[in-house]
Every structure is written in structure tokens, then in C-alpha cells.
Amino acid sequence: MKNIKQLALGTAVAIGVGLSGAMTTVAQAEENYVPLLTYRTGPFAASGIHIANGMHDYLKMLNERDGGIGGVKLVTEECETGYNAQKGVECYEATKGKGALVYNPYSTGITLQLIPKAGVDKIPVLSMGYGLSAAAVGSTFPWVFNVPDTYWDGASVVIKYIGEQEGGLENLKGKKIGYIFLDAGYGREPIPLLEQLAEKYGYELLQYPVGIKEMQNQSSQWLNVRRDRPDYMVMWGWGAMNPTAIKEAVKIRFPMDKFIGVWWSAGDDDAAAGGEGAKGYKAMNFSGVGRDFPALDDIQKYVVDAGLSSTDAETMGGTLYNRGVLNSVIIAEGIRTAQELTGKKVITGEDMRMGLEALDLTEERLKELGLSGFAHPMKVTCEDHAGSHPVFIQEWDGKEWRQASGWIEPMTDIVRPLLEKAAAEYAEKNAPWPARTEPCPN
Amino acid sequence: MNALVTDSSMTSAEAETQVERELLLRVDNVSLSFGGVKAITDISFDIQKGEIRAIIGPNGAGKTSMLNVINGFYHPQEGTITWQGKVRRKMKPYEAASQGIARTFQNVALFKGMTTLDNIMSGRSLKMHKNFFWQLLWRGPAEQEEIEHRRKVEDIIDFLEIQAIRKTPVGRLPYGLQKRVELGRALAMEPELLLLDEPMAGMNLEEKEDMSRFILDVNQEFGTTIALIEHDMGVVMDLSDRVVVLDYGKKIADGPPEEVQANQAVIDAYLGVSH
Amino acid sequence: MFYREAGQFKTSYKADQALMPILQDRVGLIAILGVAFIVIPAFANDFFLTSIMIPFLVFSLAAIGLNVLTGFCGQLSLGTGAFMGVGAYAAYKLTTIFPDANVIVMVLLSGVFSAAIGAVFGLPSLRIKGLYLAVTTLAAQFFLEWCFIRIPWLYNNNASGAIEVPHREMFGIVVSGAEATPIVRYFIVLCITAGIAFLMANVLRGRIGRSWMMIRDMDIAAELMGIRPLQTKLMAFAVSSYICGVAGAMMVFFWLNAAEPSSYSIALSFQILFMVILGGLGSLGGSFMGAAFIWILPVFLKFIPGTLGFDVAAETVEHVTFMIVGALIIFFLIVEPHGFARLWQIGKQKLRVWPFPY
Amino acid sequence: MLYDIFIDPFVQMYEMPDFFLQVLWEGFVAGILYALIALGFVLIFKASGVFNFAQGIMVVFAGLTLVGLHENGVPAYLALILTIGVMGVLAYGVERVVMRPLVNQPDIILLMATIGLTYFLIGFGEFVFGGEPKQMITEELGLPTGSTAFEFGERGLVILQHIDIAAAVIAVIMVAALGIFFNKTRIGRALRAVADDHQAALSVGISLNQIWAIVWFAAGLVALATGIMWGARSDVSFALEIVAFKALPVLILGGFTSIPGAIVGGLIIGFGEKIGELYWGGLVGGGIESWLAYIIALIFLLFRPQGLFGERIIERV
């Protein structure tokens, strides 16, 4: 073992990298820095690309059109995570020292890793409609925001909608509802709620887990569906799982109008993969359908046409693109609110946390932004970081999505106690979990 | 010891000349086949303590298979093997090794990634006992044991005159030296019975002479019983006390070299007279 | 010139079989340890510690684990990731069942569980060799991964399905959880890795290490010399899995803070295998070099365009990184199939005879 | 418990024969696709002893090239021809850059090199065509897309996808063509000679390099066919790579050098996996498909280490 000296070489290289990392750590003055953890590669790229484009373009547009927010330019930096938790943490470590204001991991796995760090590093995590449901409890998780909804809100909306279709929740008795999900933290989150509702309303919940490795090979799951003949199918899918599931559903001739996806199974490509047969497929959504919004026109004008983006103009207005835009709207409004609250132009992660906590996206404000009707007005409180805002159901008409229902309120009365219980459990399991010391800006 | 046939009234010198010594190993009616192909048919012979026993025969006669049977690598379908007076059931090769049977191979089977020293040290494996815990610590018992055995190994290195290649990976050695290292490795086991499978194959005259000298020295100095397979008749006749001749898996002759040399069946086999 | 062993005579077998018989090597090792224990902690920033040094050391340890099995005992394994996962889940269970116990002890103990599981999956190795064995280790990989997902008890029924490292202290210093400072975590990882590497160096030069190499080089000859193949191979599986298990536990406890089953996927197995092959099969030092190369190169590549002032899209960097890593793997295999460890030795040989190479 | 394991599944098979038939059909189709990937492995292993780990990625790469070219405005059939050309260039490149310099290296080094190739192809494919999954241009290539349902009993229904039938037909044609190629042509004979003994083949004037380039090309064609078929079932994306691991147990069953073995092994794994998952998987929470194939292969190995069609190995010293 005399060649242990070779470590020297590795160390030398490592130091070199470390220095280059250190050099870029110099914080730039007069700028607000927003790192974007995105993924345009890997099995989830199909969904990730549109999200990344949407997030990037809106912030870029603010820079080009308004010169940033409050007169301070935004600096964005994409870091490719490939939906991989390790790389996500690497991105986090590489960017947090540059004055990062907020993180949007777009992966439940990465979110979970960042949740405990957020309070320590004083950088909030914005997991918009994903991540840990329990994080909605602001008193336990002051640094995590999952506005506008948690998965449990979503699951309750699906059941409510199915109840409506059947002419009332009481008619769910004896019905079979199938739940096909990505077998990871993400897909497993809603199960406790679905089970609790099953007890309450008397339907039978059938579970069809899809392993990450089996995402593109779901024939067994759908054969099981065929055998069990559920009355409705609910899907919690992401990435390559969505189009495959929709295709398989078409293949076994499952009635598409009884197949409802979560807001992450609402991509245009996802539904299009099913061809003609996918007509009638439904999904929840909370961000605008289509591209008839003045803000999107501005993006087209200032960013896409100016060649400042890798966005294909045709994909603008797609569900996931719009989702990314909404994410950036929340970031931008958070920054603006923080600036108003603190009076500073260049803010820190702590200011950003206050900004997000005081976020109040009203109908008027949306209109000012050129996004009237793009999203339901949303408001964050210190207690509730999700807000359990209403969502709507959209339907695929074979070419594009159409809104198929009004705004449906989640069953807050059931969801909220569950969230609180889960937050308490989390704090207990991760004891000693720090008690909230952050002041409430409202 | 039911196989003890030494006549106590005889002097030791007489015993030498009579080749009437303690039986080390006896093979009785052994047959071995691979899926219908008979490799060995009904062979019986014995090896006495302290002798050099040669097994000869044309290619494909079943010589190597015979060695494989002796050290437990192949299990014969029929027949028995009596080792030091005990009839042996199905035995694993490592059990044979622990009972004192060592061997070298027709195609050198050294541990290519290791040095000469390590290869010979590997022969001491059975004699080293310090457990995993001591090995982890190294300092103390494990190190002492290692040094103790290192001394023995250095003796063998001296004996075989391979001091200079002690730290050379064996893969880089010339063929003749590899054969020598292999012999050293087998010697390190301090075996009762040493099986040599063509120890001189592919060697030049000088190397053969060296090797012959080593074999004789091993036999005489350490008193190791040796069974060897060899094609060079000159070497066989010079070295061995008794010779067994195989052909097509059958035994065709057995006895002292001169006797075997004169045997018509043996001459036919080597000249290829049709059966 | 500087690498001469002339004049260094050994007067005892003890000195001759020391780990580093040559003075310069000993000096070099001390220098490296000095850098690792003093210079790096003194000067490195958080990013360097958490994103480069800690993962590098964790992966080095895992690579040592796999090297014991594949490099020293010759048994190809594609299940490293899963064995690391066993360690991680075991450590998590242990520390939640015994919250007051020392977390470092729990991490070291967790390896015992992966050792047991490794030995079970090593059983077929008696009959199966080479690529065939690789398939059985794949069975271990996929089966264990499935267990991590489908047995909620393993992750204490967390709704997220992930394990999250709890806050633990030792001597009043936070050693795990989000508040543990990078420097503390770095020291723990460094000590464990260096310690295990040292212990393994001992085992590998002794009887047990030799018996593994005998099996690797020529299993039949080894058996004929009294090595019990099953025992020896199972021991290699157990020791290897122990080390991998500890590495896996360190990965979640001192680096990532939380882990999903997909953290211990087949991709991780391949990553470790790359490190071992490129570093050099059968070389402990090579394990460190391989880990440094495979982990640090992509991090480095990510920075190059930025430091050179190019504005390259993040995904393009990712794609190009894949291409470069793939191409470099092929390149190094062609240049030196025995890995960096051999390159290093050749370099030393050149130094030894310099300036008169002939 | 015992009832659930030993009796209930068979009762189910009997009571819902249409469903059982459907399961068999799905198993059959999955098996064909596994077999096609395994076939690519076998071709290369036979001729060069290289375990080509990159076969799975070649499937994706071929499919991606085809779709990518079409997206960029190349007509479907021309894209197909160009893709064949690309696979040819790839084969030639691999032979020149990877195989030739690494000749005579140990198996594990060659295996590693193909894993390196896998990384390279992933990066290259994504770099050129983008990382997002793409839809296979099934209709443009003139492949059938519909499905036929057979009434069965009272309310039974067996649905056959036309594309799956096409996949089966193409697999059969491909195996037949390879068989003819191996047995009737000059190059085929040379290939078999190389497979038997490299040295001997060299000594009678067969160019190893040429043969290797040809087998890699053949494997590339098999990959393209597989890519089209699999792409039509799901999308063409790099997530497919993981499915390619299934070829390993297939090869264990069928033996590394046997073309019929690859087919039979593929079908056994396909049937075994689907039946296991649908009738027994539920007992342990489902998803056993992800490892069942490997466990089947493992158990099989313990009893017959040489594979279905392999000769018994006699160890010599």
C-alpha cells in the first residue's frame, strides 16, 4: 500500500476546484440572486424542461421589461439536478453562498433534504404544490412554503370531484377508486388522506404503485386495473410515467373521462402521447390554461423572440410551462413583498422568507401582472404556508387542455388536522426540531 | 495402521532396497468418467512413504485426472482411496490439502497478481491461524505469526535459489522460474505427499537438471513422498523408485523403472501399436 | 532523484513487511494526512467541504469496500449501491430505536447488518463466477431497493418514504442533522475513512488478504492449497459489505441528511464500480484516486464554462459532462487498464531511475 | 396464507381465462422485447467475447436518432435509412476506438469500456437530440397502431395491439434473417469461425476487425428494431435504459452465446414476470416485477450454471 500518496493528486485537483468555487462565491452587489434547480435531463426531463423554461422566462422577462424588481436586476442561475437528490444537494451547496434568496427543488427528494437545512442556512424553500405536505404548517416549518396547495388538498379535490360526477359524495359508497402512483415519496404522500376518505365515504381504494424503474413499462399495473375494474382511476405521476400510463389506459380501453391526474400529470405531451384515445383525460390544475395572457405576450416579446430563451414558442401556454411561470410569479411577488416590508432593495434569504409569508396575490394584483385568471388569488399566512386554495379540473380534448370545472375547494376541515398531526410527527421524529423563533410579518 | 507391512526384523538398509515401506496412499479400483467418457478405468496402485513414484503414459492416458482424484478435485464414481490407513469418502480439495497433500500443476497455476514471496507465503495459509481481529490490528500476534512464517518461507527461497526474485510479481517471471516458485509454494505447505504434474514440461536441459536436483533434495532432505507425472523418460528413470504406466485410462504396468522399461505393453503404448 | 530507496536497508523481516517500507512514501503519507487534517479544515469553505471532500471520502470508503470484493477477491458485484443502502437504513433504524446512543457507534454498527445481508447474497458465489455472479448481485440490488420502498418499517412509516437524519450530539457538538457544521462532519468522515482504510491495509497484507487474492488469481489452486472457497468468499462479501454499509450510512448521516430509496440505486453501484476500475483493481490507494476522479471531475466540469466566461445552458454542461466522463473512462481503460494505481507506480519507477532511464 | 400462495392464483386463472390469456399475451410481448435486446448482446458476445453493456443505450440511441431526424424535417423512411447509416458509423467507430485498442484485455475491462460507451452515448444523444422523451413515429413508418379485441365467453375480452403483433412478426423475421446470414453467407461462416476461436480464425485469413465492425452493426440494426418497437409501446427516452438490464437474466437463462437461447430466455422471463406479478405480486404489495426476473435467473443458475443451452462445464487444472 505504498501508493497512498496518490491521494495527493486527488487532493490537488480538489483544491483547484475548491478555489474556483470560492472565486465565484463573491456576492454581486445590487442584484437579487435566484438559483433555479432544474432538470432538463434524465427520466423526468419531459416534465422538467417545460417547468424550467417557464421559471426562467418569466424572471428574464421582468429583467428585460422592468429592469428587475424594484429597480434591482435579478440574477438567475440554472443548476442541473437530473431529479437526483445528490446532485440537488450539490447544486444547493454550490449556490447557497452566492446570496441565494429561495430554492425551488422540483423534486420531493431534494425538498426533503433541503427542509432541515433551510432554517440553518436561512434560505426559504418554495415547493409549489409538491414536497412535504406537512410543511404547510408554518409554525413548525417557518422556512418552507408549499403554496397554493398540498397533495392532501389535491387528493381531497379529486374525491370531491368524483363525488360530484356521481351525484354526491354519499354515492361513493361501494365504488372502487384506483390510485396509480410513482412509487416514491411523491406518490405515497396522498395515500393516508385517500385512505381516510375511503373510510369516511365507503369507497374502496386500490393501489397500483409504479416503480421509478418501471415507469415506461406499466403493462402489469394496467393489467391489474383491467382485472379489478375500478370505477375511477386517480394518478400521481411525473416525467415519463405520465405518457406511458395514459397510453396504457387507452390500450386497455379504460374510460378516459374517469381517469384523473394530479396537477403534475397534466402536461400537454403527457396527454398527447395517448393520441385520439386520450380524449377526455382529466387532470387537476391551479395555473392558467392556454396562452391568452398579457404577461405571456410580454415573455414572447421580450424573451423568446429576442432569443434569450431556449423555449420553443409552441410550448408556451402549455400546462407545465405556465406552472413554471406561476412559480416565478410567486418568487417575484415574494421579492417585491420583502422589499416593501424591509425597505431594502437587495434582500436576503431571511427577508425573502418574510416576503413569502406575507404573500398576498389578489385578483387585482394578478390583473396588474397581466395574469388575470391565470391562478386563483392566493394568500399565505404564518400558520398556513399552503393555503389550501381551490383548484380546477381540466380536460384534454385531443389537442389541448380545456377547463372542465370551476374552482373546487379542498376539504380543508379534513386536510388541516392531518397536516398538523403530520407536522407534529415530523418534529418529533426529527427531535430536537427547532421551535419557531421567526417573527410573523403579518 | 493396517497397511503397515514393514518387517521389523529387517534392517533399515534392507528395507530401503526392498522398497518395503509404510503405505501412504492406496488407490483401489478407481473409475472416473465425464458424461459417458471414461477417463480412468479400474485403476489400483499405491504410494509408499518416502518414495518417488512416477506416473507415466501417453497424452490423454488419464494421468492428470488421476492426480485430481487423489487430491479431491474430481470424485471417482467407483473405487476407494485409502490415505494413511483411512478409507476416504468424498473429499473436498481443501480437506486433502489440510491432510498434507500438496501439488503443482501442468500449466503453471501461480497466483499471477502476487509476488514470489506472497505466492510462497500462501502455501503457509493452513498453518496460520490468527483471526480477523488480530489481522485488523496487525501489531502484535498477527505480525509475529507473519514473521515466524516468513522465516520458513525464506528457507525455501534459499533452498530453491530464488532470492533475487522475491519481490517480483510472478506474472513477469520466465516459465522455468515460475515452475520453481510453484514448487516452492507446494513445499511451503510441508506436505506428506507432493504431487508434481509435469514439473519439467517445457524446460531446457539445464533447467531440467536443476529441477531434478530440487526434487531429489526435497525427497531426501525433507523426506517428502513425491508422486510425479513426467514425459521425459530419462528423468523418470533416474528419479523414480517405482513407476506406474497408464494408457487410455487403464493401468498397463507397475514396478521399478527397469522392469517397466522392458515391459512390452508399455513399449506398444508409446509406439502406438493398435489395440 | 528524490525518490531513491538506495541506502535504505532492512535489517529485519518486520521492517521489510511494513506497510510502507520506503521512507519517501511514509513522508508522503504524513504530508497527505497533514493536508487532510490541518490544511483543508483551516482553509476550505463550506462548499468545498460538503460538496467535494465529504462525498469524496464517503465514495472512497465505498470504493475500498467494493475493491475488497472485486479487486482483491475477484468477485464482480453490481450491488454496491444496495449494500450501502442497507447500512444507511440500518443506521437510521438503530439511531431512532436508541436515540441516546452515540451516532458514530451506530453508523459503525450499521455495517454489521449490511455484512450479514452481503454474506447471504454472496452464497451463490460458490457456484457462480464472473458475469453470472454480477447478475446475482443485480438481484440483490433490485430486491433490496424494492425492500427500501415496500417495507415502511424501515423508514419509520414516514409519509415521505425517505429517511431523514435526526439531530444528534456528541460531547456537546452537533454531529448529525442540519445544524452539524461541515467541518465537524468532515472530521468524522475523514477519521472513519482513514481508520477503516488503515485497518484494511493490515488485513490485506496478512493471511486473510492473501487468501482473498489466492481465490481471485486462481480459485482452483487456492482450494488445492487448503483455502475453503465458500468461507473465504463469504468473508470477502461480509467485509466488503460492512465497509460499503458504513459508507452508505455516512452518506446519509454526514453528507445528504436525507435519503430516498433511489439514492441507493443501480446508478450508485456503477459509480462506485467506475471508481474501483479506474483507480485500479486491488489497490487501496487507487480507490481514493478513482473516487477523486469520478466525483470531482463532473463538479469541475460544471465550473469550467462559468470561469471561462461562457454562458452555457446547465443541461448542455450536463450532457457534455456525460460525454466527457464516458470518453475518459474508455480512454483510461485503453491507456492503462490497471488504473491510476498502476500509472502511479510507473511514475514512481520512472522517478526512481531518473535521470538515467536505461 | 398457503391458500393464497398455492391455490388461489390457479383458481383465478381458471375463473378468468380471458384475463389469463391477456396476461400471457402481455408476457409474450414483453418477452419478445427482452429477447430482442438479449439478441443484440449475444451477437456481440459471440463474435468478440465482449459483454456489451451499451446494447440497452444503443436501443434508445437508435430510436432517438430516428425520431430526432424526423423532427428535423427528414421524411420517415429517409430517416430510417439515415439511422441505419448512423448505426453503421457507430459500429465502425466503436470497433476503431474501443474494441481494437482493448483487444485481449480481461472481460471486466471490456465490460467497463462498454459502460463508458453507455455514458458517452447518453451524453451524446441528449446533446444532439435533447433530453426529453419523444414519441415514436409509428404511423409515419407505416406500422399499425390500432388494436383488435376478441370477445371471449360472456364478458371476457382479449385485446391485442397491432403494434405488438408487428413486433412479434418482426422479431421472428429478424431471427430468421440472422439465422440465414450466419449459416448461408461467407461472412456468416467467418463470424462463426471467429466465435469458435479467434486465433484459428485469424490464421485462416479472417479479419477480426472487419467481423467486429459487422457484428456491432448487426447489433445496431437489432437495436434499431427494438427501439422502434419499444418506442411505440412507450416513449423513446433514456429511462428505457433500465429496462435493458432485464436482458441480463434473459442471457443467464439462454446462455451468452445462443440466439435461440436469447429468444427462449426472453419468453421465459416475460411470461414468468407477468404471471408472477399479476397472480402472486399482490401478496407482498406488488412491484415484484422489478426483481423477479433476477431471482428466477439466480435460482436457475444454482441448479444449472451453464444456462439452458450451454454445455456442462468440466473444470480442468
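Observations on the structure shown:
We just call them A, B, C and D in the order they show up, numbering each chain from 1.
Here, a contact is a pair of C-beta atoms (placed from the backbone, for glycine too) under 8 Å apart; a residue touches a chain by one contact, two chains touch by 3 or more.
On a predicted model such as this, the values are computed, not experimentally measured, just so you know.
Counting C-beta pairs in contact, the chain pair with the largest number is A-C.
Note: the chain lying farthest from chain B is A, by mean C-alpha position. Measuring from the averaged C-alpha position of chain A to that of chain D gives a distance of 36 Å.
Per-chain Cα centroids separate chain A from chain B by 73 Å. Centroids built from CA atoms put chain D at 49 Å from chain B.
Residue positions 126, 131, 242, 285, 287, 290, 315, 317 of chain D are each in touch with at least two other chains. Residues of chain C in contact with two or more other chains: 142, 146, 149, 205, 220-221, 224, 315, 318-319. In chain B, the positions touching at least two other chains are 73, 105, 109. Interface residues of chain D, counted against chain A in their complex, comprise 16, 19, 22-23, 26, 29-30, 126, 130-133, 135, 145, 147, 149, 159, 161, 233-235, 237-240, 242-243, 273-274, 277-278, 281-282, 285-287, 289-290. Listing the residues of chain B that touch chain C in their complex gives 71, 73, 92-94, 96-98, 102-103, 105, 109-114, 118, 121-123, 125-126, 128, 130, 132, 135-138, 142-143, 145-147, 150-151, 154, 185, 189.
The part of chain A that touches chain C in the complex is made up of residues 1-11, 13-18, 20-25, 38-41, 78-80, 82, 85-86, 89-90, 93-94, 97, 108-109, 112-113, 116-117, 119-120, 132-134, 183-185, 188-189, 192, 209, 211-213, 310, 422, 429-433. Put simply, chain C touches chain B in their complex at residues 12-14, 17, 199, 202-203, 205-211, 213-214, 216-218, 220-229, 235, 282. The part of chain A that touches chain D in the complex is made up of residues 40-43, 45-46, 49, 183, 207-209, 211, 213-217, 219-221, 223-224, 226-227, 239-240, 243-244, 247, 251-253, 269, 272-273, 275.
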